[in-house]
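Each chain carries a letter (A, B, C and D) given by its place in the written order, and its residues are counted from 1.
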Amino acid sequence: MSNYSVILSNVGSCADRFLPTGYDEPVAIPELFRRVSQIPQVKGVELIGSWHVTEHNVQEIKKYLDEYQLQLVSIIPDHFGQAKWKNGSFSSKDKSIRAEAIQHTKEMVDAAVELGGNLLSLWPGQDGYDYLFQADYIQERDWFAEGIQESCRYRSDVKISLEYKIKEPRTHSYLSTAANTLLIIQEVAEANCGVTIDFGHSLNAYETPAETVALLKKYGDKLFHVHMNDNYRHWDDDMIVGSVHLIETLEFFYWLKRTGYQGWKSIDQYPYREDSLAAVREGVNAMESFDKLIERIPDHEIEALIKHGKSPEITSYLRKLLLNV
Amino acid sequence: MSNYSVILSNVGSCADRFLPTGYDEPVAIPELFRRVSQIPQVKGVELIGSWHVTEHNVQEIKKYLDEYQLQLVSIIPDHFGQAKWKNGSFSSKDKSIRAEAIQHTKEMVDAAVELGGNLLSLWPGQDGYDYLFQADYIQERDWFAEGIQESCRYRSDVKISLEYKIKEPRTHSYLSTAANTLLIIQEVAEANCGVTIDFGHSLNAYETPAETVALLKKYGDKLFHVHMNDNYRHWDDDMIVGSVHLIETLEFFYWLKRTGYQGWKSIDQYPYREDSLAAVREGVNAMESFDKLIERIPDHEIEALIKHGKSPEITSYLRKLLLNV
Amino acid sequence: MSNYSVILSNVGSCADRFLPTGYDEPVAIPELFRRVSQIPQVKGVELIGSWHVTEHNVQEIKKYLDEYQLQLVSIIPDHFGQAKWKNGSFSSKDKSIRAEAIQHTKEMVDAAVELGGNLLSLWPGQDGYDYLFQADYIQERDWFAEGIQESCRYRSDVKISLEYKIKEPRTHSYLSTAANTLLIIQEVAEANCGVTIDFGHSLNAYETPAETVALLKKYGDKLFHVHMNDNYRHWDDDMIVGSVHLIETLEFFYWLKRTGYQGWKSIDQYPYREDSLAAVREGVNAMESFDKLIERIPDHEIEALIKHGKSPEITSYLRKLLLNV
Amino acid sequence: MSNYSVILSNVGSCADRFLPTGYDEPVAIPELFRRVSQIPQVKGVELIGSWHVTEHNVQEIKKYLDEYQLQLVSIIPDHFGQAKWKNGSFSSKDKSIRAEAIQHTKEMVDAAVELGGNLLSLWPGQDGYDYLFQADYIQERDWFAEGIQESCRYRSDVKISLEYKIKEPRTHSYLSTAANTLLIIQEVAEANCGVTIDFGHSLNAYETPAETVALLKKYGDKLFHVHMNDNYRHWDDDMIVGSVHLIETLEFFYWLKRTGYQGWKSIDQYPYREDSLAAVREGVNAMESFDKLIERIPDHEIEALIKHGKSPEITSYLRKLLLNV
């Protein structure tokens, strides 16, 4: 079956620009681990650099992973949550910041190895621009790719999976869409450089997430990691898996299976107002249900729908499957 | 149970700006009626003024309605499909065009009565603007309301249901959202003036269609008519009911029931590439399935979800209902 | 000329969900006032309840207003920045929270009066919902209107201006659009209840801001207050005035003048990465430039463009005005 | 200076799905040429295959080009305006249709050469999908690239410039964004395969058009052609150049100059309600004004803005340039 994981902070408290102190009481790291351990299907966690793991607390984190028998699925380096990155990290106009971005990545690679992991899921959230006439689009993208390349070359046995998102916190991100990410990956030309699809980011970019799985398969089998959530298409609402776009999620899970995806399926939800453990638990239950449903449907039935491409046949099939009256 | 109908042209051929001659062979009116009659759950049709019914062919249309035992659900006056309306109908800067818009509406009211109907579903598609600094927003809205008011006063026993849509064919429509329509209805102050929710138009306006049902109930019980389809939220794609936003559709049907909606549920799909009869048939099957599913769910269960407002509880409930693994 | 003001926090530091500690060092209230005082065209400030002004520090705030000769333009009650409001304030399912929302508003009304002001700009940011099947859309909207009504009745000489926004922090806000707000205002039926247009919120709701000025004029002369900024239409980016939608901003300022708007034009920008004082200063300079440009253009010239409604004529005019080559 | 052209049909009449017979009287080809000749800055035309030029009327077209001293800028093959393409052309599940798509392209290559041209601007508007579970995303993209490759190899001295667009007429196009197009171009691996940026398509894909110019420069100098218009970001409204996004257009023209773009700037507007010649004339006047303004601004001034990346500095500069009060 699938490997389910969760980003550790998901079971904690969230903040936003109007309530920066958070919608709930802050939750300490030991408690975050304890909460994750209460979700039976979850076998691994993703940790955020500087938020959860630093070059200095690796041993402490190791203890929690062992105690709760959780694998380190990935480290998400912190290229977005420190004020020094505000004008970019890998693509910063400031040479010393660019060097720090690479250095931090290498530190997180080392930390991952120490913790038994082999994956970084890298989201360069502050790399991009906000205003017109603000960016040197070529130079900054060159710097970005150079930084990623150097990071990838540090240890070829650790995968660096680039997570794209079209905007937020910048009004425009450089690592915007799957196709854009593939261009960068081709430029970087390292086998350990791949892509993280965040289902919600994909929807927000007017991609069809299932198509993105296919695109990444076609262009080099570059899907390394998956983050799951849902939204209303216009924004990265980070809602519970399957709460809005049920059919897109089902198609996504089908194409993950069809393309032989063997990686983790990880929750990336922001449960602002929810009991965060309950929300993540439901997200995991949803992922498991989608996987089971896809297992249950004979492959040849979906292949026939795709082969014919006739929408009345498709909608009839889905209606009977889901509405089931 | 519910009353299902379809806009007659839905079972014909569609065109767009790139293929204005149509994606399929044109279908004559007798054949359109024959096709509709093949959908067992459909008891009525909506006819488009000038496209299907004019002041001159009422008797001929009557024959088809009788032959196929179909009720006239509504006439949709043609305020959008003739070049004379291109700069607006009720809100045109040209006084004679405004008068024609009203006159055409009255003719369609008469035709509806003759055909045994009592509803116009009025979509003023050309009323709005495209460019900035192009419109006198106050004057044109005043004219619009005056024209609607005069039309409503013509026969108080015929309902005039205003169908809103935020854009297309104009870049901005005057009758844009449900709330905007309610303002106009209050201004018109006629009991026979109400609202048509087109599910897709509602999604495209970033409304939650179920909430719009509630809004129209709250502000005067003004929901007169419903058009069903689906889309990807960014545009009026006019796809088969339930093909994308399954949960929003389910919630919409729930609130239609909850608010005691007794009107018709009508298909408004543009099956560009589909076998149009098959696509409409599937849309009707979908509407029926949503109705049945809502009937099957004990009301108190949904009321509890709403009362608590806890998303893990809601998503868990929907997951078990729909994914059912 | 126009009255320019700024929301006090605009010249401070901002945070977001990824960097909740802020993009810059926090700035204390005395320094915020000092900064605002350095923008010569600014004659007033808006203060946020609980962030800047509470029932307990009114005298202290009074001192700053006097020291810097700034008028209190409005108090923005804090119905959004405290965890207790997370599931709604006026529309909360919790009766005691609803009562607190009203109580806080009354306290801010009293504070405003004490500080020589007569306007609250009320943004109920947490009132709405996130998930489908989560909200009782009728009941919660009833509660919302009741709470606003009671707040308005507290002191008829203090205006309560409702600021709409379609989403954020909720995925869907109740006070969503201008038209929606007018429905509520009509329901509340108090003369001191009006509307705040936030230019960016208007764009994000696919409104044309100038049209919204006209709509509010038409339906009861209800425009009480204006917040200025810019964005890319898809989100409330809160960027510097005029930095993207120059023509929409120009048209907005024209219609403000045309409808005789006498209120304040206030900056509501979130300068995440900018020198916040410089960014606000530029926003004010921009507002002043738009006002001057509108003053300079003979009214009859724009009236002619609108009267004819011919886009080649309009674009030609704007091109010569703005590109000026 | 720049080379300005126009798509021939732009000066004619347009249709849409509600008014498929057209908003104005149809205009015959000779008259279309005559109209274009009245725009002094226009030196070339783009012709649409099957609409304007076929394998059979090349001599007739040659006469018009000579008579009006217009260059053939490009042929836009007709892969979108015939019912046979409705389920795709290069990516059709039907092998014979795929062959026809290639065949038609070769015919248009031949026609272009005969008419003295060396560019096809290829917009595969029907290639994509509408429904979920409808497409084999890998197989169809493979077919698409194969078809484009064979077309490019037919004559290496004729450039084939792929015009991307995220949707319409399909709900999702395969040739969706600039990055996606670059992936295909790299796969095709032919020097004569490049990209057409349609300014409005770029905006609609949440690209910053100037950034796309830079991206295409960076990844192989692949910008072959430019279509100009404007919209409200949510749809391909095909409005007059510079009528909404003035600053994005200015930045776009700056980056065209900065990257040494030597190709044509062509009008692609749909003047539904406008005097089409007047609208296109205004579009050309706008392009010329943007070019002149960019020429007038000292390069080092914009380079400084970009180098510093400080938004108050940028907005101040643009304000003085454009508002000029």
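Quick note on the criterion: a residue touches a chain if its C-beta (ideal position, glycine included) is under 8 Å from a C-beta of that chain, and two chains touch if they have at least 3 such contacts.
These numbers were taken from a predicted model, which means no experiment stands behind them.
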| item | value |
| --- | --- |
| Residue-number overlap at the chain A/chain B interface, same or different (half cut) | same |
| Longest centre-to-centre distance from chain B, chain (CA-based) | A |
| Whole-Å separation of chain centres (CA-atom averages), chain A against chain B | 40 |
| Interchain centroid distance [CA atoms averaged], chain A/chain C, Å | 35 |
| Interface hub residues of chain C, defined as touching at least two other chains | 87, 130-132, 167, 206, 232, 234, 239-240, 243-244, 247-248, 273, 311, 314-315, 318 |
| Parts of chain C lying in touch with chain B, wherever the complex brings them together | 87, 93, 129-138, 141-142, 166-167, 172, 176-177, 179-180, 182-183, 186-187, 205-206, 208, 210-211, 214-215, 217-219, 247-248, 251, 254-255, 302, 305-307, 309, 311, 314-315, 317-318 |
| Complex interface listing, chain D residues touching chain C | 206, 232-234, 239-248, 271, 273-275, 278-279, 281-282, 285-286, 289-290, 292-293, 296, 310-312, 314-316, 318-319, 322-325 |
| Contact footprint of chain B on chain D as seen in their complex | 14-24, 80-83, 86-87, 125, 130-132, 167-169, 171, 231-232, 234-235, 237, 239-240, 243-244, 270, 272-273 |
